[in-house]
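I'd like to ask some things about the structure below.
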Amino acid sequence: MIRDRVRDLLRQVAAGAVDVDAAVDRLAFAPVESLEFATVDHHRALRHGFPEVILGAGKTPEQVVAIAERIAEREDGFLATRCEPATREALGRAFPGAAVNPLGRTVRLDGRRPRTLTSGTALIITAGTSDLPVAEEAAETCAALGTRVARITDVGVAGIHRVLARRDDLLAARVLIVVAGMDGALPSVVAGLVGAPVIAVPTSVGYGASFGGVAALLAMLNSCASGVTVVNIDNGFGAAAAASRILHSP
Amino acid sequence: MIRDRVRDLLRQVAAGAVDVDAAVDRLAFAPVESLEFATVDHHRALRHGFPEVILGAGKTPEQVVAIAERIAEREDGFLATRCEPATREALGRAFPGAAVNPLGRTVRLDGRRPRTLTSGTALIITAGTSDLPVAEEAAETCAALGTRVARITDVGVAGIHRVLARRDDLLAARVLIVVAGMDGALPSVVAGLVGAPVIAVPTSVGYGASFGGVAALLAMLNSCASGVTVVNIDNGFGAAAAASRILHSP
Amino acid sequence: MIRDRVRDLLRQVAAGAVDVDAAVDRLAFAPVESLEFATVDHHRALRHGFPEVILGAGKTPEQVVAIAERIAEREDGFLATRCEPATREALGRAFPGAAVNPLGRTVRLDGRRPRTLTSGTALIITAGTSDLPVAEEAAETCAALGTRVARITDVGVAGIHRVLARRDDLLAARVLIVVAGMDGALPSVVAGLVGAPVIAVPTSVGYGASFGGVAALLAMLNSCASGVTVVNIDNGFGAAAAASRILHSP
Amino acid sequence: MIRDRVRDLLRQVAAGAVDVDAAVDRLAFAPVESLEFATVDHHRALRHGFPEVILGAGKTPEQVVAIAERIAEREDGFLATRCEPATREALGRAFPGAAVNPLGRTVRLDGRRPRTLTSGTALIITAGTSDLPVAEEAAETCAALGTRVARITDVGVAGIHRVLARRDDLLAARVLIVVAGMDGALPSVVAGLVGAPVIAVPTSVGYGASFGGVAALLAMLNSCASGVTVVNIDNGFGAAAAASRILHSP
Amino acid sequence: MIRDRVRDLLRQVAAGAVDVDAAVDRLAFAPVESLEFATVDHHRALRHGFPEVILGAGKTPEQVVAIAERIAEREDGFLATRCEPATREALGRAFPGAAVNPLGRTVRLDGRRPRTLTSGTALIITAGTSDLPVAEEAAETCAALGTRVARITDVGVAGIHRVLARRDDLLAARVLIVVAGMDGALPSVVAGLVGAPVIAVPTSVGYGASFGGVAALLAMLNSCASGVTVVNIDNGFGAAAAASRILHSP
Amino acid sequence: MIRDRVRDLLRQVAAGAVDVDAAVDRLAFAPVESLEFATVDHHRALRHGFPEVILGAGKTPEQVVAIAERIAEREDGFLATRCEPATREALGRAFPGAAVNPLGRTVRLDGRRPRTLTSGTALIITAGTSDLPVAEEAAETCAALGTRVARITDVGVAGIHRVLARRDDLLAARVLIVVAGMDGALPSVVAGLVGAPVIAVPTSVGYGASFGGVAALLAMLNSCASGVTVVNIDNGFGAAAAASRILHSP
Amino acid sequence: MIRDRVRDLLRQVAAGAVDVDAAVDRLAFAPVESLEFATVDHHRALRHGFPEVILGAGKTPEQVVAIAERIAEREDGFLATRCEPATREALGRAFPGAAVNPLGRTVRLDGRRPRTLTSGTALIITAGTSDLPVAEEAAETCAALGTRVARITDVGVAGIHRVLARRDDLLAARVLIVVAGMDGALPSVVAGLVGAPVIAVPTSVGYGASFGGVAALLAMLNSCASGVTVVNIDNGFGAAAAASRILHSP
Amino acid sequence: MIRDRVRDLLRQVAAGAVDVDAAVDRLAFAPVESLEFATVDHHRALRHGFPEVILGAGKTPEQVVAIAERIAEREDGFLATRCEPATREALGRAFPGAAVNPLGRTVRLDGRRPRTLTSGTALIITAGTSDLPVAEEAAETCAALGTRVARITDVGVAGIHRVLARRDDLLAARVLIVVAGMDGALPSVVAGLVGAPVIAVPTSVGYGASFGGVAALLAMLNSCASGVTVVNIDNGFGAAAAASRILHSP
């Protein structure tokens, strides 16, 4: 495909329809930028199915709003994650149509073009109510990426029948995002019940020897169920991005 | 679905076609075992698309052969991983038709029924030649699970053009398994180039502050490219199992 | 036992006394929930001897009060742990009969039915005065669970005679909960003096290389006295729950 | 009680029935040794229900045999743990009546006096077959301490129905020792099913980010089921000692 | 000695000069408390040369003042460490004669009996100005214990001549307390220059990979100069206590 | 050279031109201070090309201003790093000619003598916008040291073409300072593209398993590109100092 | 420069001198490989001044010899590092002209073209004799890269005068590679004495809390002397590569 | 004193009794080496009371013997630590008069001049028999340094009366070296009983979460008894060196 576009350009050069300097500019001499890879960057939404994402952490409300405005002009849609209350409020004022999610600490503005949802569903499962903020971040990310979502909450393994009771929902999902802190045991149980991909998200829920989520992270990396993959602690965004990579595949 | 099967059974009981004790046996009183979940276990290959896997580590050659023989009787196919040379030799003698892979430390016996390969391909990419054993374990696991595989080897980021030169192969894959030790940087670069799911496998290649693969593991968990998921250090098997969960999805 | 109940049900189905759909409902197709395990969940207090516990950490006062009100309606008793002052105050206002313990950061509401205390006693021992909040959390948990409690405070091993002087109290206890930070040495000494079960609770008391209680945790896991078991750092609740499991055993 | 014995002795001194020097000897002037605490040491088996235990690790076969012979003379019973094959062989030769357990790496010699078994049972549960050596060490320790034992093996949470199917056995136990490596998830599930005390034993089974059992240890310390207590990695002996403290309680 | 005292007592019992019950009381059945060890506790200042020390961290100003008042009544002297400004102010108001040291975060009240200073000197050396608070805590502790002190400040190894220039002072000291953060290199250099005992105090000065003083702690534990001993991070009090144990020895 | 100076002195002693006591004084018995090393200290700027640097962290605004004033009198130039807003403001008031950099948290006062810039350039590259404060600290340090600087920002490896597009700038630099958090992958890519020295600066940007920059630090220490050297987390100052050591070499 | 070459090509296309398909091939659609970056790879020695390096660790002697033979055909020079004795012997047999360094565990074959040494010198300093293998690896790497080397050995900071006595050698070096284990203090001292770049190499020399070189690594990252950069533990090769990047700069 | 010796030399120069070049040589021009510090190095035994010590770890028997022979010629006495059996045997053959200690892994050759023992005693206390090798290393080091030694073995805190029974010995010691692995609790108990300096030596005895002695190390650094100082794990040599610094003080 790229090959074809370059060939077209060179044919125009050969035919005198494009002059050399203009062609040079379009080819982007610096190794990549003139080719599709570089332009892809300006169309990142097309390549990855992703709108622009703004990490709110460590930025002032003014900075986040400024970035969001630049994106909104160009791409007409964004997702801001890890936003403090002041940032969420500022974004809400600047973009009245944006969805503000205090629990997930996100602000999401959908683009003008309606997005088709994936046919498959990402099921987000949480072990406890304290894991909900991370689950919400994941859900908002799925929403921003056009990924269909379902949820099961508060089904930790200490009451194992609660998971088992939701068997039909588990089996219906095309991807499962399992969010758990403390002992991080839920993904192992879930992955033993289903054949679909399971993405485990450790959370920083816990205290003492949970070491801010390290205990759950290690448990998940050592899952006795095969085929569990793991993302960073509290990284609901990353889990949803991974699930969306799977569900948006042709 | 389960509901229907239980209703059928009860109707047969009500009709006298099945007597009470036989029905009790079929319902499996212990909470789960009488129901589909339990029987699924005897048909694990159907549910997960997985043959039985034997972890060779910490077992004597005799033990591994004994387990393999039991599986071969019942399931006609197995994969033994992390086998020491003596174990590989013993399995090779016991199962002349088995594929022995010294680099990947695996022995694989395909079942009698021919398995249809997935249409999509899992691309296994390694950063250095020392990462090959883990990549081979992944490739053998894919072979055991009927997952189509392609490979790119030795494309570490210190010579970034080597990755870029394989752009077409990267874009053709439905899932990418990226195997890297030391700085674990390759998955970030790869995930920035493709939209398909990327499973990162840290390896224990390195010394000193690589801490047996911890440096690569942490780098991958903190990938600046969104949607990278990670498995345990040296866990080629797990990465392939995760890729197969994705590619075998309906 | 379960077997018998299912057989009875099926006999009624065979006899036409129960119709098929009603039987299906009672069998609870979702693997567990229709059987005893599931119902047990609705009677958790009976099974574990535990009232509902609310972890106050990470919840707003409003949320904790709302949960407590729901429990109080259904179960007539609760224990809220790790409550900030505002939460304790809110609960105190909402439940005038509740016991508010500022040192232990707990609020406890006893149920309407009087609870019989265990005959055996859990002895809570602290190494220093800074360990008292964790000891109080343990004591309140015991109170909520109907577990008899005694206490010895401030008997760190640097003044070993203080422990030895309490020998009769040590020997009288059926379970000992030993709470210590810093070097975590006290459980080893105590477990050498008694034959009863010893549950060690490391606390985050200390600074520098205490690493928030890790030093004490490791010391306790490596106790030179045999038969010491350990719970998470600062987990007075868990230690009391474990002690209550022992003392409530038939 | 001690008070009474000292009073008796002093009365005999006052009455001239015991002379001063003999009394001095019996009182053990060094602070403790003349009192019951010190003599208890010579009767450790009485106080803790424990025979002498020899840690085989780091000792030559000759050293272990020598210690065992000294004990056998005095105490007529011992348990040697973590014995290398040569040590086990040497002990087997020296004590033909001893029970040699290669899997558990133990050698046990019962005393001449028959020991009454506890009425309650310690149920030892293992997640995988690789956890068996630790479970065997626990079982041998229970045998040495007169603690009744039952076992369930290979019921990891990735096949959760295997645990659930053993519900009656779980509920029958007075103490449960749950042995698991890798993700250490089994104790959480088990503790949610029973009300009896649960002692979790992390094992060093695993590789990479299992960090020699640390992943399982942390998961267990952070169990989402309340009242789980934990011992050191691979410490089957310690778990059995703790279970015996519970079951031998009056 | 103890032997003799018990023999005397028993002789008096045998002679009827002391009746049995009085003797029982004097023998202190609780193992230690009736003997010298226990009484020593009431004279801790005599045994260790130490006044009572109050750890201010984690206590309210009111609590610290209350403890100090109790000590001042009984022992006429105290040292309060790690006191927040409010605590220092409260102590200063309650004890007008006390020495308040804001840099060292201590408040010290000397007893009424004048204390004789040690003849030998503890030399406190700091690598940088940020290490001064820890050095001040050490100096105040020495003052409270009657230990003579000298100081050298800001002689980090990056300007090695600054240490060497103070050679005479180094050689004159009987004990050296070397306080350093960051790379913790100073104790190695100092211990190579002198023959006297060197006590190293790592400080939490630094950032990033200093890990709150762990880098300095490890460097000091691995000092290439023989005979360096180490205390906890920021533990100026402990280093001074150790130096005082040395200098107060007969 | 030193040898010659000592010989001259001794000749004067032998000739009676200098008397013995004066010679003893000049030989500076304290090992170094009388010799060249000591004087070097008073001319540190000459030896290292460095003005005095004030670490603002952990100092009050008053303290920093006082130190700066002393330096300004003597050396006519300083650099204050890690300054809180209040400190920056105080310095700005006290030194109206100083350059205050809020992003880099520095205040810099150039000396009166104009400094010649290095001919070679240090190129400061950042992976993300959150790495900018560290890059700014490095840039200000270079400015203070007379080191020529260029910058490339926001060229993380997840969009690898952004780095490649700046190839000419990369190749033009004499030293490269590469600042990156999260996966710390950028230095490996850059060092594979250039032959000049690469100094990697890990930043604390990230969350969860980034462990405050440890993930990036380890990745950089294990760079698969040879010849990458690393400084402490967030240590922009140190990287610039190292670059300046290189560029100021004769 | 690249810009010019592309413009030339396009002019030839415009002029009909090159046809479109040939031009497409030369532009190398795969982003980089057709351009200068890719060809650079085939001339890596020119770009980085580096011969090919073979990491011997984890390879069989046969594998290393095979790789070396391929390089020797193409590049006429190699350096093999971390070679076990059998590998060194095999290489020595295969390449009689190679320099085998048992202490440094290297084998080096110089190319046929004589290499000009750098004018500046890299001075390799070791703290103790146990650090020599790492120093030798660094020295052999310098030799392979045409970097002039000098050495000072066994000048640990516990005998600080030994370092100071070599002042002239320290000042003469253009780059200093300081190799130290244990407390890792030497680079701080050396960097305080010289103005040239200092590259610190932590070694795994030590035991216990040296944690295989981590103590030295952390000390070096926290050096109180500014401008010290650090490489991985035992990475003599990397330090020499970094020094060579500096010394080969134009 | 140094001052006097330099003055004497200069007087001789002034008087013509020593010529200039000879004086220059004696003054050691390199900053330190001409002064007493340098010469002290050749008389290290005088300055520190230490004979030369050879660390046997990582050296071949031949190397150790060669070093020992060089020392024996010059200094007539040495201590070799951490010697493998072959090294001990080789040293035993080369030095028939040497004391070979297999348990402590040391070989010690006393010098020809009889050494006066210290008047004070270093008491070496071990918690368990597995700690004996470290205690033996400490004892041999004391012997080499002329430090009087006493021992108490196997008095772990799980049998606290064993420590208490040795009260007189504890109080008689001038310095106490307390050696313990596992929970490292013994130094806290001992330091609470005595006023003399206590040096704690953690040992690597243990398994699992003892992390090779880290658990004991941390416990000791966090000792609840004031004035405990700590050396590296298994560093019996260092503890004895520190004790000797104390006992050899004037």
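Here are a few things to note about the model shown:
Residue numbering begins at 1 within each chain, and the chains themselves are lettered A, B, C, D, E, F, G and H in the order written.
The definition used in the following text is that contacts are C-beta pairs under 8 Å (C-beta built on N, C-alpha and C of every residue); 3 or more make two chains touch, one makes a residue touch a chain.
Values in this document were obtained by computation on a predicted structure and should not be read as measured data.
Within the contact network of the assembly, the step distance from chain B to chain G comes to 1. Relative to chain B, the chain whose mean Cα position lies farthest away is E. Mean C-alpha position of chain D lies 39 Å from that of chain H. Averaged Cα coordinates give chain B a centre that lies 50 Å from the centre of chain F. Note: centroid distance chain A to chain H, computed from Cα atoms, is 60 Å.
For chain F, residues that reach two or more other chains under the stated contact definition are 31-32, 37, 159-161, 164, 167-168, 193, 208-210, 214, 217, 221-222, 226, 232. Under the contact rule stated at the top, the pairs of chains that touch are A-B, A-C, A-D, A-F, A-G, B-C, B-D, B-F, B-G, C-D, C-E, C-H, D-E, D-H, E-F, E-G, E-H, F-G, F-H, G-H. Residues of chain D that touch chain H in their complex: 28, 30-33, 37-38, 41, 55, 57-58, 202, 204, 212-214, 217, 232-235.
By the touch criterion stated above, chain F contacts chain G in their complex at residues 31-32, 37, 47-50, 53, 120, 161, 164, 167-168, 174, 193, 195-199, 217, 221-222, 226-232, 237-239, 241-242, 244-246, 248-249. Here chain B touches chain G in the complex through residues 130, 159-162, 164-168, 205, 207-210, going by the rule given at the top. Chain C makes touch with chain H in their complex at residues 127-128, 156-160, 163-164, 181-185, 188-189, 191-193, 206, 208-211, 214-216, 218-226. On chain D, the positions that touch chain E within their shared complex are 2-3, 6-7, 10-11, 13-14, 16, 19-21, 23-24, 27, 29-32, 35, 37.
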